[in-house]
Amino acid sequence: MPYRISRLGHVEIRSVDLDYYVNVLGLHLTGREGPTAYLKGWDERHAYSFSLTEAERPGMVRMAFRTVDPEDLDYYEKRFQTYSVPYDVIPEDYRRGRALRFQSPSGHTVELYYEMDYTGNLLPTVNPAPWPDGLKGIAPPRLDHTLVTAPDPATAIRFFQEVLEFRASEVLVQPDGTPIAAWLWQRPAPHDLAIVPGGAGGFHHAAFMIDTPEAIFRAADILARHHVRIDLGPGRHGITRGTTIYFFDPSGNRLETFGGYSAYQMDPDTQAITWTADRMTQGVSYYATELNESFLKVYT
Amino acid sequence: MPYRISRLGHVEIRSVDLDYYVNVLGLHLTGREGPTAYLKGWDERHAYSFSLTEAERPGMVRMAFRTVDPEDLDYYEKRFQTYSVPYDVIPEDYRRGRALRFQSPSGHTVELYYEMDYTGNLLPTVNPAPWPDGLKGIAPPRLDHTLVTAPDPATAIRFFQEVLEFRASEVLVQPDGTPIAAWLWQRPAPHDLAIVPGGAGGFHHAAFMIDTPEAIFRAADILARHHVRIDLGPGRHGITRGTTIYFFDPSGNRLETFGGYSAYQMDPDTQAITWTADRMTQGVSYYATELNESFLKVYT
Amino acid sequence: MPYRISRLGHVEIRSVDLDYYVNVLGLHLTGREGPTAYLKGWDERHAYSFSLTEAERPGMVRMAFRTVDPEDLDYYEKRFQTYSVPYDVIPEDYRRGRALRFQSPSGHTVELYYEMDYTGNLLPTVNPAPWPDGLKGIAPPRLDHTLVTAPDPATAIRFFQEVLEFRASEVLVQPDGTPIAAWLWQRPAPHDLAIVPGGAGGFHHAAFMIDTPEAIFRAADILARHHVRIDLGPGRHGITRGTTIYFFDPSGNRLETFGGYSAYQMDPDTQAITWTADRMTQGVSYYATELNESFLKVYT
Amino acid sequence: MPYRISRLGHVEIRSVDLDYYVNVLGLHLTGREGPTAYLKGWDERHAYSFSLTEAERPGMVRMAFRTVDPEDLDYYEKRFQTYSVPYDVIPEDYRRGRALRFQSPSGHTVELYYEMDYTGNLLPTVNPAPWPDGLKGIAPPRLDHTLVTAPDPATAIRFFQEVLEFRASEVLVQPDGTPIAAWLWQRPAPHDLAIVPGGAGGFHHAAFMIDTPEAIFRAADILARHHVRIDLGPGRHGITRGTTIYFFDPSGNRLETFGGYSAYQMDPDTQAITWTADRMTQGVSYYATELNESFLKVYT
């Protein structure tokens, strides 16, 4: 099967903390409509990748994956029919074209889309400098992935693999081989989506790319300067090798800086790495010797 | 068009410097057959990605791209027929399955293949550490891209775009818009292949991934310790933003450490960045104020 | 007062873990005598800076500071007499000349010495490379500082300031201004010695220099690979700005990698930075929002 | 001899490029008087460390070293008398107290002083963050060292060693052992002052601290963005191991970012490292295989 999904394209969460996202995390506000603010990292080329909708409680509203081609929507529409997955066709949304919307077995609203306004990144398209001047806060270049919870992870994981053709890069398994959690990819990167045990529709975190060890310390310095609650890190995940800081927005949503540093590149036939349950602590936090309770218990 | 090529899979060059590749560059020798030694980086999962064939003069023997699916070979076979591109079917090669072989207008032997022995990287597949112990030399995790010369770059670039469906990430153009050089991708990374002006079949360099600023200095320290001739760097390309060291093997082939640091991620519709000829110096070497003559004149 | 102490020259602790110090921490064994093994970092030029004496329980045996000149020993001998500090003259010790030995009010055995065998670092003295090949483990270039406990920190701090002329770089104070802890220097670096509340003669940690963000992650990777218990970090201290990993040897002694990254340089009149007790958490661990209980409670 | 000089305290050069120093190099303007602008790095605690005096040609006006104690001025005054070195007592200067001024055999105006207004760095003195927000340009924390030329380097080097008690960290020598150049220290760091062959009173460069590999690339990116002419680097010196970028201000004065990364720490008896003339190229630029002609020929 060829690659038909380009990347995680959009995560919408419930949060009232626009100022925090702009000045501490350092995303760029690209538009507002009703209760929703649309944001993106400085190196993203379409209209937005992250949005905040004002609400009384935190959590995820939806996640959306961008296809490689417009006709990949037709391809997936047929798969939904084949697998009897109910879906809606959303003709258009804010600065975006047609999308397919469905509920995953994990209890999340998921969309597939291709068209979104192409607005370019923050650099000129002729003879650009390598990074823009005047960035604020942590200023990640882009959204990287999201991790969500599912009451029955094995079923949710199988759904994304079978219907949407995600491949697994890493799997955490019970002694009998049952998957507890999986890291799933479409881009040839460690993951676009991960699923761990927890409540239906639960939002564990969205991650933004921060790619060097020094940038991780800088990010942590900025979080600490603003008295942001850091949940884990700076550190490294055993699973995905990714370097990480987990932290919270003031509304209680967990975010992550995820580092490409030492990241692997996937091939279509790359075999998934297995983590056994007795090494879950190191899988989540490679430097820890005691389980970070928060990892499995706190989500929104 | 969906993504049908996973990556640059194999570069074969003429070199008698196996010891250098193993102990200074730090590739892993995975096999020998006749006059050819097969090598790979520590994080590559198939049998080899780079090979050295003993010969009296340096240069490239061939480059090969790995498809995403086995049936992508059929897809490209049809395209060769459509575009009247002569090709051979190579039933098998060293630890590799069926391949299509053709001559590009740039004068290079190019292959497409899918099957190669899957041997895993140097880490265990269960509960792995993030990197293997006991690496030697620079020890890049993997091959990244190659840059070759063409007598008529515009024609060669168009061939890879039209027939093989490469997309351009960056283009260096004459004032009238004619492409002088192009950086072409299939992975959603800055490039898998680049083409610059020069002789037919010319080999400018093959690049291996080195992904952090400190690792670049470490690589340069290792090169200097072994009295390797450094052509450029440590530095940064304006084009691709990639951090770089250009250096030579003792046979005279140019190699590169290419850094993912700050690298961008491509979308299918990402518009190519344009570099104008008057800024070619900064495009090649962002920190330079004078043209590095060697860049356009020295290749093998 | 001119600078009369060059640096913390030697820390001797009780530990049975020589293999750990050589293969995980990566110190170099330079000699053994009786129950004691003598070690140093690869960039240290005298015979040793750290020693391990076999014993049934962990903790510090002694710490020693090297003077700038031989005659500084006479200078300090007079000060001991002036301040009525009892001391012994130790004519010689393992590969070391005359020393003054005394008990500090913190309950530690402290020595001053000048002469020690000059054996050079691990690089040649003519046309050296920047770092030696073949290092093992974390391989810090040198010992940096030690932090000890005192039942009455204010008295101990005053003693080191008045009698030995240490200057304070940072002080943690009660609301009434009483010092709870102090970071004291002789080299123009953040500290050579720090004193915090705790038992008499208590050893909190000895720190070895690791100077870049990437080297910190590498050090943590190595610790995790060897299942070493990490107490804190990778992180940053608010106090001294130093980047840090706290971890334990198998005998239970705490060690640190301390990073010069962003470190300040002292002048003789540099005013001490004040940390207020309500910000002690950030002073110890700048990224933490909850006190690391272990910091004040665990020492040997 | 105890350490009596704390550091290189002040370099005054002829330059009309205040805007460049503030916005590209990122020094802080702390005062102006007549044709002179006074500047410092963000982590320096006294009134200034670098000054620019408007003039028709570039070059050094003077360099000044700060003593450890006020009475060290008396100590050096006696040494000047002992060695028959003519000197002036300068009762006061801009925000500075008494100084001794003399001509070195290299043809430079050199001063020793102790008193200068203590104004603090750009961080609060209570519970500070590790770095200030809102820095511009490269923003080095402090001045590090200067390198000057002398028609008879051996004589100039001997003068600084004998009269001012500098120690040599590294020496470049002729085959017969005659020093061609020397790197001299008072702080226990690689150097405060270096002397190479060239005209009387010549100014080779002043260096500002940039301490990590990533910060070096960031500095080079900023220089390139502003079209600053880079003379060498990013790279590493064999001599001092220091990482470096040499570049020019618009008036033609050479500046450097000098990296503490991997820097060594000196002891009073540390033996100087010797570089032989045949390895001068690697001593100056460890990654080069051909001599950078500019190093010995271009100075102001």
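For clarity, chains are labelled A, B, C and D in written order, and residue numbers in each chain start from 1.
We adopt the following convention: a contact is a pair of C-beta atoms (placed from the backbone, for glycine too) under 8 Å apart; a residue touches a chain by one contact, two chains touch by 3 or more.
No experiment lies behind these values; they were computed from the predicted model shown.
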Chain of greatest Cα-centre distance to chain D: A
Pair of chains joined by more contacts [C-beta pairs], B-C or C-D: C-D
Centre-of-Cα separation between chain C and chain A, whole angstrom: 43
Mean-CA-position distance for chain C and chain B (Å): 48
Distance from chain D to chain C - Cα centre to Cα centre, in angstrom: 30
Touching two or more other chains - residues of chain A: 130-131, 212-214, 221, 224, 236, 261, 282, 286
Overall pattern in which the protein chains touch one another (line/ring/star/complete/other): complete
Touching residues (chain side chain D, partner chain A) in the complex: 129-131, 133, 212-215, 221, 224-225
Residue numbers on chain B that touch chain D, as the complex places them: 212-214, 216-217, 220-221, 223-224, 227, 229-230, 233-236, 238, 243, 261, 282, 286-289
In the complex, chain D residues that touch chain C: 1-4, 6-7, 43, 45-46, 66, 68-69, 72, 118, 120-121, 125-128, 130-131, 141-142, 187-188, 211-214, 236, 238, 241, 260-265, 267-271, 273-276, 279, 282-283, 286
